[in-house]
Amino acid sequence: MFQTEGTILTNRRIKASYYHLCLEVPAVAGIAQPGQFIHIKCGDGFRHLLRRPVSIHGIDRSRGCLELLFEVKGSGTAWLAERKGGESLDLLGPLGNGFPIEPGYQNVLLVAGGIGIAPMFCLARELRLRQVEVIMLMGAKNKEWLLLEKELKDLGIVLHIATDDGSLGHHGFVTDILPHLVSQNTVDCLYACGPQGMLAGIGKMAPALDLSCYVSLEERMACGVGACRGCVVGIKDSAGNIGYKNVCSDGPVFAVEEVVF
Amino acid sequence: MFQTEGTILTNRRIKASYYHLCLEVPAVAGIAQPGQFIHIKCGDGFRHLLRRPVSIHGIDRSRGCLELLFEVKGSGTAWLAERKGGESLDLLGPLGNGFPIEPGYQNVLLVAGGIGIAPMFCLARELRLRQVEVIMLMGAKNKEWLLLEKELKDLGIVLHIATDDGSLGHHGFVTDILPHLVSQNTVDCLYACGPQGMLAGIGKMAPALDLSCYVSLEERMACGVGACRGCVVGIKDSAGNIGYKNVCSDGPVFAVEEVVF
Amino acid sequence: MTLDMSVNIAGLHLKNPIMPASGTFGFGEEYADFIDLNRLGAIVVKSVTLAPRAGNPPPRLAETAAGMLNSIAWQNPGIEVFIRDKLPFLRRFDVPVIVNVAGSSIEEYVEVVERLNDIEGVAAFELNISCPNVHEGGVAFGTSVKLASQVTAAAAQAAKLPLIIKLSPNVTAVEEFALAVEAAGAQAVSLINCPTGMAIDIQSRRPVLGNIVGGLSGPAIKPIALYQVWRVAQAVKIPVIGMGGIASATDAIEFLLAGASAVAVGMNNFIDPRNMLTIIDDLERYLKEHRIDAVSELIGALRK
Amino acid sequence: MTLDMSVNIAGLHLKNPIMPASGTFGFGEEYADFIDLNRLGAIVVKSVTLAPRAGNPPPRLAETAAGMLNSIAWQNPGIEVFIRDKLPFLRRFDVPVIVNVAGSSIEEYVEVVERLNDIEGVAAFELNISCPNVHEGGVAFGTSVKLASQVTAAAAQAAKLPLIIKLSPNVTAVEEFALAVEAAGAQAVSLINCPTGMAIDIQSRRPVLGNIVGGLSGPAIKPIALYQVWRVAQAVKIPVIGMGGIASATDAIEFLLAGASAVAVGMNNFIDPRNMLTIIDDLERYLKEHRIDAVSELIGALRK
């Protein structure tokens, strides 16, 4: 883990309020794993005082670069959207634990809702490098808010889509078609990232799906490194005892059966 | 008095940490007087929360423009220095009372210390327009920090200079040579703006000089419009009773004999 | 749907719940060039005392992170000059004028109240028992439950107009004060006044303020203010006027939800004189978006 | 000229006056990747209780203007796990470790102190009697002079190591608490803990924090903290550790001038893990520029 400055190479709006930022930060890129995140200082430390966590969306070890994909939600991400190539970012990273990938996996299912695609795409690329077959189930408000369809297909990924308004793919939630997809395909493991409600839905159906499920969670963070205990999520251990774990340092990826939604 | 947006036409560093800013703001320019100031919102309201008062340095009624001359002192003026042409400024103005000019004045002496030249130059131009003879006594740290010598001479103003290090003109303070200047010239009135110490010095020698003296004061301001009573200066009335007056709304220009330094 | 923006505070009908906080809006006239005073729910004037007061020595202001310190205290021209020179201007507007009253003794509070009782154009009293900048009187009244109820009882007896008591945040249990002044006859409470603070100039190694200490205001104190308003609103039955760091309709709505019946904007008037009007407009928009007919429905409507 | 950056707190020799505030630096190990812990004056760990504690339900954080609210309370693994899993790492460093102790009863405080007395690597105790986030115990001890002195007296009797009492800012007269704990045997006091605050989400109309209220920290509270430190330092003879919103050497120097013998950096560690080291460097620079030989000369050196 480092506190370091990265240099922005490019930062551009892709569509809707989604931005893609490419950052030169060799120390972090050299060791980053899909599922980890960086913690970015946004501004001069008066407004949006706290750092903002953003998942690692792409890792280019040879060029020492990271890609980020982010949605403008409030003042911190708005500040980030305004940054230009050449400017530098103060960041902590790589933080958290990546997605655990068992060497034996041959077929996996990724589920991404909204901006949840940011880390899932990173994972998808990693899995394809390892020649794992990937099915992606992706949800969005409507087809205008869908991201990376072409890139995913280019990676040889089978893509299923659900939109809230039915403007593309299934009309409804990803969780509506998830059980069917699992039953129709051989799946060794499921990874998911997206809105709280989607993950809770997966949590509920997980026992019935009967396969390893990992979810990447979000919580408001202060330190990002496990020091403040501010970002906790309810966790039940195998004995059923409930306690709290840090999303930042124990997660953000958790086995779904641990999480108390 | 207005709350309005002005559009920056130009903003450039002149020398040292002095900047010159030209602002299109017709409503304010239309009624502004030398000695008045504007109260500028610097930034988004989180850092340097309070507005920053800056004197009116030039008034172009026909073009609806104001000129400012400012020194970077801290974060607020640093923010102002970074503004570019085309950006807009939220300001209140014109605030305060200008320099009182009696119709009969024929010869006046202006004393400016450091950035105190900002409003004095505005007054000098106005006086020259009215065909008053002007002597300017100007002080600075050293000759690198002297401003507007050429412009003052072009206006037909007799210029006397004092520098703290003797790099130009008198080696010492303006107050050293002030009594001599007054005694050697016919002077109807004296106007001064500059550091607290300089103005206090003038305050002390004023009774001996035996002429109308006006000083333009500075105090930290919050409202700028006389509402908060935060910017007060000690004032003695003709009976010798001491009270407080607002620099923003009762001043910033005061008759020197009123002021308790 | 017609939107009802009005609220009622101790019998005062306010056309909307937005007013300036005492001491941050002068006597109203200072801001009349910038905004239409008729749009405000009420106008609260700077603290007025019996005799003129000079206030504390300068410097009186220091900027802090998301806030400012002031040590102005009760600089004001005294009650007679207020009535003669300041009130006539305010009478021109169709807005209730709340006179903030300060004093160093119970007698002084009572005298000011009595002098104002029958003066046309005064709608209510706000007793400032909580100024952090005045050593004699001010602080003691605001930090002693006993003195707070005594001065309230005396003023309540004297007052022919609604009586609001302004509470200090510099206490262990603000609701004890609220309950005490309620019992003593207050018809409303307002809070918070400024938490006490300090700043030091490390170059001169002296306090920045002439008075050494001052009162903190601005967005920095909003979480503290909101908490204290919530705590008091749960304790008392009389209405609460909430203030402390309000700079947007979002802030104002937070205070209403926490239980305030009206809110006051303080130092933010200095930063943006038009801010109160923007808050009124944005508050209307929020109500429309949320299909709420009357702003009063927000009061204390915090869900658990 | 050699610069003496060391200070002495209740017999503890600190190589410089800069340390983290409890709860903002975990158990030290969380920040070991980012800074050299050996450079710090001391390390203060998160509150430790007798048994493990889960802390409050999430959400536990809310950002505010120049600050944040937290409602974490005493989440910690309990004293045994602390000794077994956390302390060994800290022993590797040449920095005194101050263990922040919390409890719901006098007995619990005493038991934790007794358990730690003879454990290698513990240099001093800081008794947290001021957490705004714990309803049983925590707040009551910090807001009652009587309870504060009782718990101090009991802990002082039990403690074989220096005892620091951490005071609450949520009281009317903080110096009364400082004097009471001094009389009861405290060898130093630290302040301020977080003022209580609140935030509301106006869309859901619910409190932002799972615990409804939380503690405010960050630059926003600095003026309040500085004032309380100044007030306490004038009242007591024991040393004062100052904290609340410190983010720069300028801030740290203000606290020293106000009378603090050492200072702690809290939430600013989250924003800039290197901040404490920057403060140490800038503090040295300030001393050199002002031709001051020893940082201790700044302590209480405020001019009037």
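The chains carry the letters A, B, C and D, assigned in the order they are written, with residues numbered from 1 in each.
Keep in mind that, in the parts below, contacts are C-beta pairs under 8 Å (C-beta built on N, C-alpha and C of every residue); 3 or more make two chains touch, one makes a residue touch a chain.
Bear in mind that the values here come from a model prediction, so they are computed numbers and not experimental data.
Mean C-alpha positions place chain B and chain D at a centre distance of 47 Å.
With centres taken as mean Cα positions, chain B sits 57 Å from chain A. Rounded to a whole number, the gap between the C-alpha centres of chain A and chain D is 36 angstrom.
Counting only residues that touch two or more partner chains, chain A has 46. In chain C, 62, 65-67, 218-219 are the positions where the chain touches two or more neighbouring chains simultaneously. Chain contacts here close into one cycle, and each chain has exactly two touching partners. Taken pair by pair, the chains that touch are A-B, A-D, B-C, C-D.
Those residues of chain C that touch chain D in the complex are listed here as 62, 64-67, 69, 143, 170-173, 195-200, 202, 204-207, 212-213, 216, 218-224, 226-227, 230, 245, 250, 253-254, 257-258, 286, 301-304.
Residues 1-3, 41, 45-46, 48-51, 90, 92, 219-234, 242-244, 249 of chain B are the ones touching chain C in the complex.
Those residues of chain D lying in contact with chain A across their complex are 23-26, 30-31, 33-34, 46, 54-55, 57-63, 66-68, 70, 72, 75, 218-219, 247, 267, 269-274.
The part of chain B that touches chain A in the complex is made up of residues 44, 46-47.
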